[in-house]
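Next come the structures, one after another.
One chain, subunit A, appears in both complexes that follow, with subunit B as partner in the first and subunit C in the second.
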Partner chain A sequence: MRENNFAFAVGRVRVLETRLLDSGKFERMLEARDADEVLRILGETEYAQALAAIKNQNDYEAVLDYERHRVFALVRSMLAPEREIAELYFLRYDLHNLKVLLKAEMTGVNPEGLADEGVFGPQRLQAMISRTGVRANAAGTGTVAVGTDLEKAPDYLAQWIEQGRQAMASGDPQAVDLVLDGAFYRFAAETARQGKWGILERYWLGLIDLTNAISTARCRRMATGSDFLGTALLEGGIIPVKEFVAFYDQSAESFAHFLELHGYGTLFAGKEALTSPAALENAASNYLRQLLADAGQSFMIGPEPIFAYLLAKENEIRKIRIIIVGKLNGIPREILRERL
Partner chain B sequence: MEIAWGTILAYLGMFLAVALSGYGSARGVGLAGQVACGVVAEDPTKFGKTMLLTALPGTQGIYGFVIGMLILGRIGGGAPITLDMGLRLLISGLPVGLVGLLSAIWQGRVSAAGIGIVAKRPEEGTKGMVFAGLVETYAILAFIFSYLMVNAI
Partner chain C sequence: MELHVNPTRMELGKLKKRLQVAKRGHKLLKDKLEEMMKQFLGLVEENRHLRETVEESLSEVFKGFLLARAQMSPEFLTGAIAYSKHKLTLEAGIQRRMGLEVPSFKITSAVEAGKGLPYGLAQTSSELDQAILLLLDSFGPLLELSEVEKAVELMAAEIEKTRRRVNALEFVLIPQLEETIRFITMKLEENERSTLTRLMKVKDIVRGRDL
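What follows is the complex of A and B.
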């Protein structure tokens, strides 16, 4: 009966999907003379609402942010009965913030590039992280120190913060990233498994595998040695970590074959993925988006079509940003087309 | 007072025919209806086509209702009916009840998917209706058989 909780949202997303920009629109934006013309083309689409809301229309970042916030808020309101699953999508922003905040504390700089789309928001996260939180004093003339807000954090988040802190002790900012990524992906896969959303579980397990595959490709490129690779991989995926390590010094073809055996054969449809880690990364994110998009195509009722829509929307915004930035910097359209 | 087992069994048959198919229809229409609401919330012009698809899983409930009425007619208001006849009436209600229950739920899912087609490609919406209609076949077959069984008594 749980699919009843998703039925309304799935119906709505079916219509919203038709409003995603098609390749014709992207082609026109690529052909546009300048960034202004790109924004004009956007005005003919569902971005018109964002363009109308933002006074300074040249502030394209504000327009794109507005659109992302609008879509996220809409999806959140539709998924209110299934908050736990819906939050899995937005937790990635909290994870990003958590990394930024912890690393900022580590290096003693001001945190920059915090995202406000997360479930908790940067301020609450900061309050949870700080060993002593602060609040306004009764007279309103200053602040007083209070105990940490960590007890207000849900168990999983408290665990992440704890694990992140332990990783900080190593002094390596990348260790923080690694520990938190792994903790989040495993948590998401487990939550999806408990809800019996098989494709979502597959998505996060695939994310672990493919993150490991990309790390392996990078380490091979940089010849870091297999010992280092062993420390840079995430546990908990479908493919055991030691198999990646075993393939460290094999040929690129046998590494590709190894991933094919685990069902990731489509990654290597373009040959560049064999040699370039960046191409593999691109292929991996396409693979995962496609995994959810295929689930959405089968007209199933569950969180998958909604996640697929959100991923497609974010990808669309990313592509528009590439085009606008490219037009502002006078980058030729052929190069832009390649980047897309 | 002696318990009229025949009459009780006949009532049970009536109950199963009406309640099972009605429950299935309610679930099927409920699922398709929610998807349709989502579509109409974004695009009100799709009301007509989505409404037809939503109504399709509702027919099983009607078939069950008709068989229930026929059984009630057989029970009549008069003397208690025999055990043998009561049992036959009970069995007659089962095809439309059971097949109605399952086919309505599955038809609801096909309809929900069909509504997805209407949302994405309104011009192909009729095809979704054909698929949902295929599920209907089995509800109709069960209905006809229940009908023949009641009439054969």
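What follows is the complex of A and C.
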């Protein structure tokens, strides 16, 4: 990694970090009477630019989208010297679009919920998956549908499309999601390991472990059975999948102890994470952000501070959305505070 | 007001029979009304209880969706739930309650818990799970509520109809029949007395001639 490539970008990020909303601002937004007042408070911050650019200022989702697009574009330009790092992060939007497009094709309805972000974008993905012919698959055991643009897709994406198509045969939209999630996170773990990205490698592997921990907690709550858990878990993390499956029937305390042994003890600083998957989600998200924030402080120059800023900004947008949706629907402050 | 009928013995016999039938019908309808009222009150209570359960569960569902909506961006939320994996089978039939035909529904799903979610777990919020599963669980009580509400509606209409019939029998037909029977009886008695008087008079005249 050529750390010097990031000298200017990190300097810029240090300034942008000071513009992130602090706890005082969030407290004011929580105490606001209604969503309009929240938007007025946002007008005093970096979001003023987004509010000025959006015609209907009450369309909070457009304001948040604008801000997200702006930050993503900025981070992409900053991470340009190490394109892979940025691409891996934004690929999750392509993964989402791919799922939507394949599920829409499977169920014969129009695709809904496509995201504009992503490395490829929905139009290019659509062109890649549109069927115009067939060719023999890589193993030579059958055929796969090919689109005009599938040849232009990188190998990993072509593989995902093929795997997604095979899952479509089951007619189950969840199967498509599970297969593509598995493929994406395996790819992310391999890319991060091969790239020797240091703390960013730790971030991706930790993300897989914690996603698995949350999935285990969700499956335990839904009583899905350990077989289903086995199919929902992601390969490629530090903790082997079979260890999570073994803890399906164990008590919440022993599950917490198991995660503590693997270095995720801070997740359970608050006891809520033991019983509530939503609280565990929050704790996991905070853990990963803190991991990068600490790294951002230690690594004076490198991609880590930029990545930490990206996560902090996404989290900020998520928190603003929680507050506005809560205010619009009269969700009590205490519940909103828990989610923040 | 009595009925316009000829005051004959044959008519009287017919009217007495009609009165008997009307009184028996009135008693039966009154019994039916009482039983229906009893069942109606039970149904109303069942309906209230079901509605409370369904409203409580739906409010939890909406709260879950709201929290999921707050946690996830609109694209990810829409993408997760736009495509359903559930194939629910709804059997609609008819069941009889107090002679009334009320609809009956039965819903069946072959999907196991957890596997019923239409999305993967890696890119979705756990808030959504509870909302989706609770919504699925709410289908049963929701259909039961629709069944019971329709039964209440139909039974209320039937009670109203029966009450009108009971009232019509009690306050219109039976009094009319009784009045008419009384009128015919009086008329027949009058005729009888008149004939008797005439006969006595004729007898007097005949006896006078003989003397």
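Note that the second predicted complex is superposed on the first by the 317 of 340 C-alpha atoms of A that agree within 3 Å, B and C clash if a C-alpha of one lies under 4 Å from a C-alpha of the other, contacts with A are read in each partner's own complex, and residues count from 1 in each chain.
To be clear about the criterion, contacts are C-beta pairs under 8 Å (C-beta built on N, C-alpha and C of every residue); 3 or more make two chains touch, one makes a residue touch a chain.
This is a predicted model, so every value here is computed, not measured.
Enquirer: Clash or fit: subunit B against subunit C, after overlaying the two structures on subunit A?
Expert: fit
Enquirer: Under the stated touch criterion, which partner chain does A:10 make contact with: subunit B (first), subunit C (second), both, or neither?
Expert: Touch partner of A:10: subunit B, not subunit C.
Enquirer: Which holds for A:301: it touches subunit B only (first), subunit C only (second), both, or neither?
Expert: First partner only, subunit B.
Enquirer: Between subunit B and subunit C, whom does A:186 touch in the aligned arrangement: first, second, both, or neither?
Expert: After superposition on chain A, A:186 lies in contact with neither partner.
Enquirer: Name the contact category of A:202: first (subunit B only), second (subunit C only), both, or neither.
Expert: Neither partner.
Enquirer: Output check: A:327 vs subunit B and subunit C. Expected answer is one of first, second, both, neither. What do you get?
Expert: neither
Enquirer: Is A:99 touching anything from subunit B or subunit C once the two structures are fitted on A? First, second, both or neither.
Expert: After superposing on A, A:99 lies in contact with subunit C but is clear of subunit B.
Enquirer: Per the contact definition in the header, classify A:313: touching subunit B only (first), subunit C only (second), both, or neither.
Expert: neither
Enquirer: Could you say whether A:107 touches subunit B, subunit C, both of them, or neither, answering first, second, both or neither?
Expert: Second partner only, subunit C.
Enquirer: More residues of subunit A are touched by which partner: subunit B or subunit C?
Expert: With both complexes superposed on chain A, more residues of subunit A are touched by C.
Enquirer: Go through the superposed model and pick first if A:18 touches only subunit B, second if only subunit C, both, or neither.
Expert: first
Enquirer: Can you give the closest approach of subunit B to subunit C, taken over C-alpha atoms and in whole Å, for the superposition?
Expert: So the smallest C-alpha to C-alpha spacing between these two chains is 29 Å.
Enquirer: Show which residues of subunit A lie in contact with subunit C when the two form their complex.
Expert: Going through subunit A, the ones touching subunit C are 61, 92, 95-96, 99-100, 103-104, 106-107, 109, 112-115, 172-174, 177-178, 180-181, 185, 211, 214-215, 217-219, 221-225, 228, 232, 234, 277-278, 280-281, 318, 321-322, 325-326, 329, 331, 335, 339.
Enquirer: Over in the complex, which subunit B residues touch subunit A? Could you list them?
Expert: Where subunit B meets subunit A, its residues are 30-31, 34-43, 46, 109, 112-113, 115-117, 119-120.
Enquirer: Which positions of subunit C touch subunit A when the two form their complex?
Expert: Residues in contact with subunit A: 63, 66-67, 69-71, 73-80, 82-85, 112-115, 117-123, 125-127, 129-130, 133.
Enquirer: Touching subunit B in the complex: which residues of subunit A?
Expert: So the residues of subunit A in touch with subunit B come to 3-4, 7-18, 78, 299, 301.
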